[in-house]
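Below, subunit A partners subunit B and then partners subunit C, in two separate complexes.
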Partner chain A sequence: MYNDIIIENFSDPQHVGDLESADIELEVGNSVCGDRIRVQILLDDNKISNALFRAWGCATSVATANIFCDSLLNQSLDSVCQRDVEYKQQMLGELSPSQHHCMDILNELHQLLSEQRVAEDVANG
Partner chain B sequence: MINECFEQLEKLGLDPVKVALSSVSELYAMPDSQLLAFKTELILQAYRFHYENNAFYRASCDQKGVTPNSVSTPEDLLKLPLIPISLFKSNDSHKLLSVNLKDIELEMRSTGTSGIPSVSRRCSDTVDNAILGIYSMYREFLKISKGAGLYLCPSTEEIPEMGMIKALNMLAGLLDTHQFMVKNESLVVEDALSQLDEWKNKFDRHIIGPPFLINRFIRYLKATNTRIKLDKGSFIITLGGWKRFSGEMLSREEFNQECMEYLGVEPSQIRDIYALVESNVVAIDDEHGVKHVSPFIHFSIRNPKKLDEEVADGEVGQLAILDPLARSTPGFILTEDLVRLLPEQSPSGRSGQRMQYIMRLPESTEFGCCAVNLDKRLDDVEAEQNCPVVA
Partner chain C sequence: MDRQQLAGYFDYNATTPVSPAVAEAMTATLGQFANASSNHAEAIRNRNAMQQARVSVAEMLGTSADKVFFTSGGSEANNWAIKGRLFNHLNKPGHIITTAIEHPSVLETVRYFEKQFGFKVSYLKPQSNGAISISDFMAALQEDTQLVSMMYANNETGVIQPISEVAKITSARGIKLHVDGVQLVGKRAIDVEACDIDYLSFSAHKFYGPKGVGGLYIKENNSLSPLIHGGGQELGLRSGTENLLAISGLAKAAEEAKCAIAQWDQHAQACKHLMVDLIQQADISVEFNGDTTYANALSNTLNMAIKGVRGEALAVLMDKKHGFIISIGSACSNNKQKTLSAVLLAMGLDEERIQSSIRVSFGQYTTTADIENFVTALNQCVKQLSAMSFAS
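Up next, the complex of A and B:
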C-alpha cells in the first residue's frame, strides 16, 4: 500500500516542528474530517533557509508534509513555484487510489506558496 | 487450565484470538472468573508481542518496570502501561506502530470538535480480528441477516476512512438492501420517508446512524405530526456521541420515547453501540438496553485522579481498554471517556462486562466523533438555506 518514499518520510520525518517567527505560513486542510498540514517557511536572501511542519492525518499526508519541506530547502521561491505536474508526482512516488488526495494536498501547498509569493511581490512594489 | 487450553490450540496451529472471535456466545456463557482468566491470557500474549516489537512501548514499559516476566495474573492487568488517546492524534504517531508501515492495510479516523483527526492504523491481522469481532458482536446482539437499512449518515464512498461509518456500513452486508440518505452534506427527510414507504411490506426496515441524525429525522416527524409504524423485526441502531456540537446533550430516555412514538418501535428494538476508532471493541445494547463489552476485550475503569487505581464496579471512572485484537499498535488505551461497569447480573444471562457510558472527561480537549461535525455541517447548510440575506 505504501511506497518507500512514503514509508521513509512518515517513519522518520526530519522537518517536524515550529519556527518562532516565519516569513511564510501555509495551511491546508478539511475542516470536517480531513487531514491538516501547517508549514512554516523562513527566507534568507530570497532562498528558503528552513521549513518545518505540523501535520495531522493519514500517514501519506504526514509524509507529504515532510517531503514538501525537504524539497524547499535552499531553493528560491521562483524555482519551487515553477515545478511542473510530473515533478510533483515524482515527489510522492506511486500512490494507491486511497492516497491520491495527498497529491491534491501537495498541489495545494505549491499553489498557496505561489499566491504568497505574488502577494509579497505586490507588497514590495 | 486456561494455559493448557492455549497450548493445545497453538499445537493445532490455531490462533487463540481467532478462536475467541468465533466463540462469542460460548465466552458469554463462561463463568465470570473463567472468562477473565481467558481474556487475561489473550491480553498478556498481545502485551508480549508489543513489548517485543515496539521500541517506544517497550521503553515506556521498562521505565515503569513492567516486563513480560512481571505480569501473569488478572490483577497484573492494572500494571500494563496505557497509550493515551491523544497519541493517536500526534505528529509522531508513527512511534505507536508495532509493525512496519508497509504492513499497514487500513487507516481509519475519527474527528471530534477540535478538527484534529485521531488516526488508527491496522495491519492485515488486526483488520481480520476487527472484522471478525464486529460481525460476531452484530450477530450476537442483533441477529440481523436480512432487511433494508435506511442509513441516516453519509456513505463510506463520501468519507471512506471514517471509523464510525465503516463500522455501520459493515451491517449493510448482512441486509438485502440499503440507502445512505446523507448526500453532499445534506439530509432530505422527505426522501428518507419515501424510501421507508417504498420498502414497506417488502423488508424489515432498520434505521441506522448517529443519534443526532436520527434525532433530526424524528424532529421532522414531530414537526409534521407524522408517525411511522416500523416492523416487528426492525431495529433503530445508533453509533456515535450523544452530545451535539452546541454542547446540548441528547437524552437517551427521551430519544427512546420519541422512537417509540414516532417510529412505532419497542424499547428492545432500539440498540446503541459504543465503539472507538482506536480500539476494536464494540459494546452493543442487548434486548434489555444493557450494553455488553466484547467478551475478548477488557475494560478497566480507573480513578481519573489516580490512574493506577481501579474504581469499584458501579462507580464512574475513566475507561482504559485492554484490547488483544490490536496487533499493529498496542491495544492498551487510556480513553477520555467516563463510564461505569454495571455490577448487577445481566437479565440476558450473559457473563462478562456490561457498561454504561456517562460522558467525556470534563477536561477533555474535545468531545464527539465525526458525527458531531456532520451534525454541525447540516445545521450550517440549513441556516444558509434559510438565511434571507443575499450573499
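Up next, the complex of A and C:
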C-alpha cells in the first residue's frame, strides 16, 4: 500500500521548514483531495543549496514533497528540469492507484520549476 | 495471541481477534468432517453440535434456536433479509425505508431493487448527532411501505439508532423490520423478541469469533424467501453444506459474549472515558463526531476530527512510527474523485472535518496502558504533522 520510499520520506522528513529569503517558491495543490505543498528553494552559484517544504495532505503527498526537496540538493536547475518520466517515476517508487495523484504533484513541481527557470532566463536577458 | 499486536490494535469495529476459547473450540472441531446432513453416527453428532450452536446463539440474542439461521456472515445476512423479503413483492413493488448510513451490503442491495425492479426508496439522513430522528422516520412512512432496513449501531460513529421506537411503529403497521445488528451484537445485550424485530443480521468476527460466519434471526420463517437454493439445509431457507468448523467458533463466541458482555461493555466505557480525558489533557484539538454518551453510542467507539491534520496521514504515521492501527474518514481514491465517509457526509459534516477524522475502536484486550500509550503517540503524531503544515 505504501512503499518503503514513501514510508521513509513521510515518517521522518528531513526538509520541512521555511527559508527566510528563497530564490524560488513553488506551490501546488490538488483541488480534488485538497493536498497543498509549498517548496522554497535557495540557489548558490546556479546550484540548489537548500530546499524546504510545507505540506498539508495525505502521507504520499507529504513524502513527495520531501523526496522532491531532497532530490534538488546540489543540483543545477538545468539538470533538474531535464529529468525524464522514467526518472521521476523511480523517485516515488511503485504507487497504488489511490496514490497516482502524487505523481501528478511531482510532475507539476518539476513543471513549475522549469517555468521559473525560463522566466529567470528571460529576466536576466 | 501476540500481546504486542493487540496493544496497538484500535480497530475492533473492523474486526476482532479470535478469542483463545473460540480458537480452542474450532481446533476441537477440525477433525469432525462428517456432513451434518448425513445419517451416520458421526453426522448425527455433528448435527447435534449444530443444534447446540444454534441454542448458544439464540441465548445471546434472546430468542429460541428455531429462529436462528447460519450464513456466511453479515453481508449475506443483510442481502438475504432484504432480497428474501422483497422477492415477495416483485409483482407489486412498493416503498422501502433505509438510511444513508447503512453498510454497503444494505445500501447496494436496496439500490439494486430500486433500479432493477422499481421500488421507491427513502434514504433517511441522520441528525448531526449521528442518529436517525423518529419524526423523520414517521414522515417517510407511506401506505405501501413494505420494508424498513436500519442498522442498530453505526460502524463509524458507534451511534445507536432508535430501533426500539422504530420497531414499535413497524410492528403496529405490519411493516417488516430488518435490523443490521452486526456492530451491536456482542457489544451490548440484545433481546430481539422484546424489541419486535423481524430480521436481525449478525457476524461472528465482530465479537471474537471467526470470519466467514454469521447469521440471521428470523421471527417468522415463512416471511422470507431463500437466497441460496439447493439441498434444503437450514429448514430449506439457506442451502449449502453446514460449515460446522466456523459455526462452532460462532457458538463459542456467542457463549462468551452472553457471559461477559456487561463486563466487556463496562471495560470499553472505562477505556473511552480514559481516552477522552487523556486527549483533553494532551491539548489535542478534537471534535467528536456523533453522540458519545453511553445511552446513545457504543462504548468502544470514538470518531473524532483532529484540527489541522489529515486523518489519512495521521493513521499512516500512527501505524508506521508507533504500531497503532486506526481507521479514517476519508481516503485518496484517484485524481478525479475523492472518497469521503458517506456516514460523516450524511451527518452534515464539512469536507475539512471529514478529512481530519479518524475512528478509534477498542475491545476486551485493550488495556488502560494501551490507551495511555495510544494518546501519547497520537499527541506526538499530531504535533509532527502540524509542524509540517502551513499553520505552524
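Just a few scattered comments:
One rule holds for everything that comes next: the second predicted complex is superposed on the first by the 121 of 125 C-alpha atoms of A that agree within 3 Å, B and C clash if a C-alpha of one lies under 4 Å from a C-alpha of the other, contacts with A are read in each partner's own complex, and residues count from 1 in each chain.
We take it that a residue touches a chain if its C-beta (ideal position, glycine included) is under 8 Å from a C-beta of that chain, and two chains touch if they have at least 3 such contacts.
Given the structure is predicted, the values throughout are model-derived calculations rather than measurements.
Once the complexes are laid over each other on subunit A, subunit B and subunit C cannot both fit and instead clash. With both structures placed on the common chain, the touch criterion links A:L73 to neither subunit B nor subunit C. After overlaying the two complexes on the shared chain, residue contacts for A:A22 are found with neither subunit B nor subunit C.
In the superposed model, A:S11 lies in contact with both subunit B and subunit C.
Of the two partner chains placed by superposition, only subunit C is touched by A:D104; subunit B is not.
Contacts of A:R54 after superposition on the shared chain: both subunit B and subunit C are touched.
When both complexes are overlaid on chain A, the residue A:V62 reaches subunit B and subunit C alike.
Of the two partner chains placed around the shared chain by superposition, subunit C is the only one that A:R38 touches, whereas subunit B remains out of contact. Taking the listed stretches 189-197, 243-251 or 279-287 of subunit B in turn, the superposition on chain A shows a clash with subunit C for 279-287 alone.
Put simply, subunit A uses residues 2, 7, 10-11, 13, 16, 32-34, 36, 54-59, 62, 98 to touch subunit B in one complex and subunit C in the other. Every residue of subunit A that touches subunit C in the complex is listed here, in rising order: 2, 7, 10-11, 13, 16, 30, 32-34, 36, 38, 53-60, 62, 97-101, 104.
On subunit A, the positions that touch subunit B within their shared complex are 1-2, 6-7, 10-13, 16, 29, 31-36, 54-59, 62, 98.
Interface of subunit C with subunit A (complex): residues 310, 312-313, 316-317, 320-321, 331-338, 351-352, 355, 387-390. Residues of subunit B touching subunit A in their complex: 89, 91-92, 94, 97, 100-102, 104-105, 107, 109, 111, 115-117, 119, 121, 159-162, 370, 373-374, 377.
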